[in-house]
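Two complexes, one shared chain (chain A), two partners (chain B, chain C).
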Partner chain A sequence: MEELLKIEQLQVAFSTEEGPVEALDGVELTILQGTFHGLIGETGCGKSVTGQAILGLLDNNALIKGGRILYRDQDLLRLSPRKIERTIRGKEIAMIFQDPGSSLNPLFTIKNQIEEAIRLHRKAPAEKREEMVLQALKQVKLPDAENLMYRYPHQLSGGMKQRVMIAMMLACNPKLLIADEPTTALDVSIQAQFIKVLKELKEKLSLTVLYITHDLAVISELCDYVSVMYAGRIAENLSMRDLFKDPRHPYTIKLVNSVLGATTTLDQLEEIPGSVPRLINPPGGCRFHPRCEEAIPVCSQEAPPLREIKANHSVACHRR
Partner chain B sequence: MKKGRYVLKRLVRTIPIVIGVTLVTFLILHLTPGDPVRIMLGPYATPENIAILRAQYGLDQPLPVQYLTWLGNIARGDFGTSIRYNRPVTELISDRIGITVLLTLSGLFISVTLGSILGILAALKQNSWLDYLCTFQAMFWISIPGFWLAIIFLYIFGLQLRWVPIAGLTGFVSLILPALTIGLQEEAWFARPMRAEMLGVLNEGYIKAARAKGVRYFQVVVKHALRNVMVPMITMLALRLPWVIAGSVVVEVVFAWGGMGSLLVNSVLARDYPVVQGVLLIIALSVVAANLFADLVYSLVDPRIRVEGGKK
Partner chain C sequence: MNSTLVEVRNLKKHFPSPAGPVKAVDGVNLKIEKGTSFGLVGESGCGKSTLIRVMLKLLEPTDGKVFFRGKDITGYGFRQMRPLRKEMAMVFQDPHLALNPRMTVFDIISRPLKIHGLARGKGELMVQVVETLKAMGLQTEHMIRFPHELSGGQKQRIGVARALVVEPEIIFLDEPTSALDVSVQTKILKLLDKARRERDLTFFFISHDINLIRVVADTMGVMYLGKIVETGPKEILLEDPHHPYTRGLFAAVPEPDPDKIITEIKLTGEVPSPVNPPDGCNFNPRCPYVQSRCREIEPELKELADGRSVACHLY
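== the complex of A and B ==
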C-alpha cells in the first residue's frame, strides 16, 4: 500500500511561563493510503499536538524544532502558512475535533457551514450545492436532513453535531481525515452510533483516517494500524492484529492489559503504576523507565530508538 | 410570529422605564434649590409679581399635580413654554436637535470604526508593539477630559495652524475637530472590549475548525470571528450612547455650535424647568430607544437569542 503521510523525527516545543515544554520529541509514524491509523496514548502525551502539527494549526506559542511531515513527498513543514491554507487544509487533509459543541459556529446554519466547505473545494454551481449538502448529511446517517440543514448548532445534540462535523469535513473531499478524539465528549451510546457511521464510511469511501484517542476499545473497532504514544514519543508502531497478539513495548502491554474486555474481570485488570510524566521536565533516557518493571540501567541513560522488528512493526525499547 | 411577539413584549417592557424616566427628570429639577421666577425677575421683584408669574407657569400647584399636568401635556406632544425664551420648548429643541444628532452620530461613528479596527488589530497581533501601541493610545485619549481636549485641539488646529474654523458649524471642515474629540475619547471603550472579545473568540473551537476546513484566515476573521463579537459590541454601543451624548453636549459648547448642549446648560442656569425637562426627556428617551434597538438587533445577529420570543 502507498504511503500517504509520513512523519519523521517530529519535534515540537511549547514556550510556557514555567519554561519550554518538549511536547513532541521525535515522533515517527506512517499512514498508509486507505487505512485507519490509530494514535493512542494517555492525556497530555502529545497526540493532539501531532494532529494539529500536520495541518499547521498549532497554537502561537508552539515551535517546530525539527523533523519532516511528508505528505505525498512534499514536506508540509516547509510550506508557507499561505500555501498550507490554500492547498492543503480541507482540500487534502481535514480535521475534526474533540468538542463538537464548540466546533461549529453558533451563528450560522448547518447548511451555510457545509456549503462553505463545498464552495471552497469543489467546483459546483450554486443550485447543485444544496443537493450536495443534503448528500453530505445523509452520508453520515443524519435523519431528516432536509430540515436539519436549516437548523443552528445549538438546536442539535452533541452526537448530531459531531456527525455534522464529519459531513462538513468530508464535503471538502479530503484525502486524509484527522479525527482528534471525536467520541471523547459523547455519551457511550452515542459513541457506538458514531463509530458505526465511521465504519460504514470507511467501507464506502475508502477513506484514510488518523484517529486520535485514548480509548483502546474504539481503536480496536476501527483501525488497521496503531501508533502507541508515550510522553511525546512513539513507543510502538504496529498493526491492529499485533496490538493484541504480539505487543512488544512494556507500555503497550500494560495498556492492552488495562482495558476491561467482555471476558476480563476487575481483578484481572492491570493498572500501570505511577503517573504520566510532566513534559516540562521529562525523565532522561526512555521516558517510560520510571514506571517500567523491566527497566535496566541503560533505560535511564539513553533514549531507545525506534527499531523495526518486522514489517509494519517497530518498537522503541532497549529490552526488545 | 414568534419574532413579532418578542418585539411586542420588549416594547411593553419599556413603558415603565419611560414613566420612571419622566418621574426622575421631573423630581431632579423640582427638588434642587433655585426658583426660575426669582431668577427671571431679578433681586428687586415684588412678592405680588412673583406670585402672579408663578401662577402663570403653574408653579404654585402641588408637585404631584404639576407632574401629572406635565405628563399629560407631553402625551399630547406639548412640552410647555420656556420661561426664559418665552417660546414653545418643542420649537427650541427642534431648532437645535439636528446639530446635536449630527455631532453625536459622527462622534459615535469615529469611535466605533476606529475602536473596532484597532481592537481587531491588537487581538490579531497580540503582545506585539502594535498591541501595546493600541493600549497606550486608548489610555492616552481616555485620560484627557473632553472639554480640555477640545480646547487644545482648537488652539493647535484652529488658532495656530488655522486649518479649521474656531467656532460654529460652517460646513464639513468645522465638523472634524468636535467629532474627533468625541471619537477619540470614546474609542477606547470599543477598542478594549473588541480586543478582549476577539481574543476570546479566536480561541474558540469553531475558528480552528473553520481553518481546518481551509477557510482563508481573513475570511475566518471577518465571517466567523467578527460576527461572534457583534453581540457584546452592540451592548457596548448602547451602553456608551449616553456618554457620547453627554460628551457632545460639552464639546458643542466649547465649539460654540449652539445645539442642545448650550440650550441645556443655559436653561439649567436659569432654572428654566420646561426646557431642561424637555431636553433631558429627549436624551433619556433616545437612550431607552438605543437599548431597545440593541435588544432587537441581538436576535438578528445571534440565533440563540430568538428562542426567548416565546414558548415553542
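== the complex of A and C ==
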C-alpha cells in the first residue's frame, strides 16, 4: 500500500511560564492510503498535538524543533501558513474535533456552512453546490437531509452535529481525515451509529483516517494500524491485531490490560503504578522507565529508538 | 436476605423551564440492600446524577419518598439531615472541581471529622486522616500538599478518602473514574473494592460505562429518560437482558477485542426530550418491538421469577 502521510522525528516544544514543555520528542509514524490509523495514548501524551502539527494548527507558543511531515512527498512543515490554508487544510487533509458543538458556527445554517467549505476548496458552480450538500448529508445517513440542511446547529443533537462535520469534510473530498476524539462527547448508542457510518465510508470511499483517541475499544472497531504514544514519544507502531494479540512495549501491554471489557474481572485488571509524567521536566532516558517493572539501568540513561521487530511492527524499548 | 438500607419510592424531580417541566427523574423505585454494591447505568441526560442528588437530599424531590434504614427522610430539613450526612457520603465525578484548591489534603480530609465531632483533639484527628490516606495508597507526606500538586488519580483518591474517613454506611459514587485515564482508573477501582470488603460498606455507583458497572456492582439498574427500565442481579441482566433498551445499550458497547465487532445497531434514533416524553412507555419511539399498547399504557416495573424487575409490556 502507498504511504499517504509520513511523520519523521517530529519535535515540538511549547514555551510556557514554567519553561519549555517538550510535547513531542521524535514522533514517527506512517499512514497508509486507504487505512484507518489509530493514535492512542492517555491525557497529555501529545496525540492531539501531533494532529494539530500536521495541519499547522498549533498554538502560537509552539515551536517546531525538528522533523518532517511528508504528505505525498512534500514536507508540510516547510509550507507557508497561507499555502497550507489554500492547498492542504480542508482540501487534502481535513480535521474533525472532539466537541462538535463548538466546531460549527451557531449563526449559520448547516447548508450555509457546508456550502462555504465547498466554495473554498472545490471548483463547483453555485447551482451544483446545494446538490453536493445534500449528497454529503445523505452519505453520513442523516435523516430528512432536505429539511435538515436549513437548520441551525443548536437544533441538532451532538451525534447529528458530529455527522454534519463528517459531511462537511466529505463534501470537500479530502484524501486524509484527522479525527480527534470524535466520539468522546457522545453516548454509546450514538457512538455506535457514528462508528457504523465511518465504517461504511471506509468501504465505499476508501477513506484514510488518522483516528486520535484514548479509547481502545473504539480503536478495535475501526482501525487497521495503531500508534501508541506515551509522554510525547511513540512507544509502539503496530497493527490493530497485534495491539491486542501481541503487544510488546511494557506500556502497551499494561494499557491493553487496564481496559475494561465485557469479560474482565477486577482481579485481571492491571494497574500502572505512578502517573503520567509532566513534560516540563520529563524523566531522562525512556520516559516510561519510572513506571516500568522491566526497567534496567540503561533505560534511565538512553532513550530507546523505534526498532522494527517484524513487518508493520516497531517498538521503542531496550528490553525488546 | 439482606436488609434494605436505602429505598426510593416513586421518586420524581421536575425542574421548571420555559418549555414546561423537565422531568429529569420521573417515578423511580429502587432498593439498595446493605452490604451490596448497586450500579446504575444510563446515558447522559437520563437523570442518574439528579437521582443521586435527590436521594441525598441535596435537591428536594417533586414527589415520592426516600427511606434510609426504613425511616422516611423525605421531609427532613438541613438539621435533621446532618447526622445522616455522616452515614451517606458521596464521591464526585470531577476530582479537579470537588476539592477546595485553598485547603491542604489534611484540611480536606479532616473537615468532615470536625463537622461531625468524630475526633477528640488534633492527635486523634491526625491518626484517622493518616489511616485513611494509607487505605487509599497515599503517604503521610501528602497531607501537607494542596490539590494542584496532585495528579488526577491522587485527587480522586483524596475524594474517596474524604468520604471514607467518617466511616459511612453507604457511599454514593457519581462517575468516580470518568475523568481519569485508564491506567489510573484500575487503582481507584481496586482500592474502592478493598475498602468495601474491609469495612462492610454499601456502594451506589452511577456511570454511563456499562463495563465499569459490570466490574464494581452486584446489583445493576438501567435508567432511561427518568425511569428505571430494568434492574436485578448483575449476572442475570448481563446474561440475558430483557428490556429492549437494555439490550440495545449493551450491544452498543464496543469491545476492546478485534474479534468482537459491533455487527448490529439495535438502538436507532435519539433520546427524546425529558420536557415532553412520549406517552405510554417512553422508549416506544425507538423500540423495535413496539405494539399499540406501548403508546398508550405506561408499563410498570414488574418483578420476574428470576429476581429481576423489568418495565416492559413484553414481560
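Everything below uses one rule, namely that the second predicted complex is superposed on the first by the 320 of 320 C-alpha atoms of A that agree within 3 Å, B and C clash if a C-alpha of one lies under 4 Å from a C-alpha of the other, contacts with A are read in each partner's own complex, and residues count from 1 in each chain.
Here is the rule we go by: a residue touches a chain if its C-beta (ideal position, glycine included) is under 8 Å from a C-beta of that chain, and two chains touch if they have at least 3 such contacts.
Fair warning: this is a prediction, and the values are worked out from it, not measured in the lab.
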item: Fit or clash between chain C and chain B when superposed on chain A; value: fit
item: A:Gln191 touches, of chain B and chain C: first, second, both or neither?; value: second
item: Touched partner set for A:Ser220, first chain B, second chain C, both or neither; value: second
item: Contacts of A:Met165 with chain B and chain C, given as first, second, both or neither; value: first
item: First, second, both or neither for A:Glu8, with chain B first and chain C second; value: neither
item: Chain C, chain A and chain B - angle at the middle CA centre, rounded to the nearest 10 degrees; value: 80
item: Partner chain(s) touched by A:Glu130 [first = chain B, second = chain C, both, neither]; value: neither
item: Which superposed partner A:Glu271 touches (first chain B, second chain C, both, neither); value: second
item: In the superposition, chain B vs chain C on chain A residues touched; value: C
item: Least Cα gap, in Å, left between chain B and chain C after the two complexes are fitted on chain A; value: 7
item: Doubly contacted residues of chain A, that is, touched by chain B and again by chain C; value: none
item: Complex contacts: residues of chain B adjacent to chain A; value: 126, 204-206, 208-217, 224, 227-228, 301-304
item: Residues of chain C defined as touching chain A within the complex; value: 43-44, 151-154, 181-187, 189-190, 193, 208-212, 214-216, 238, 248-249, 251-258, 260-262, 265, 267-268, 270-271
item: Chain B-facing residues of chain A, complex; value: 55, 57, 60, 85-86, 88-91, 94-97, 99, 101-107, 116-117, 120-121, 152, 154, 165, 168-169, 172
item: Chain C-facing residues of chain A, complex; value: 42-43, 157, 159-160, 187-193, 195-196, 214-221, 240-241, 243-245, 254-256, 258-262, 264-266, 269-272, 275-276
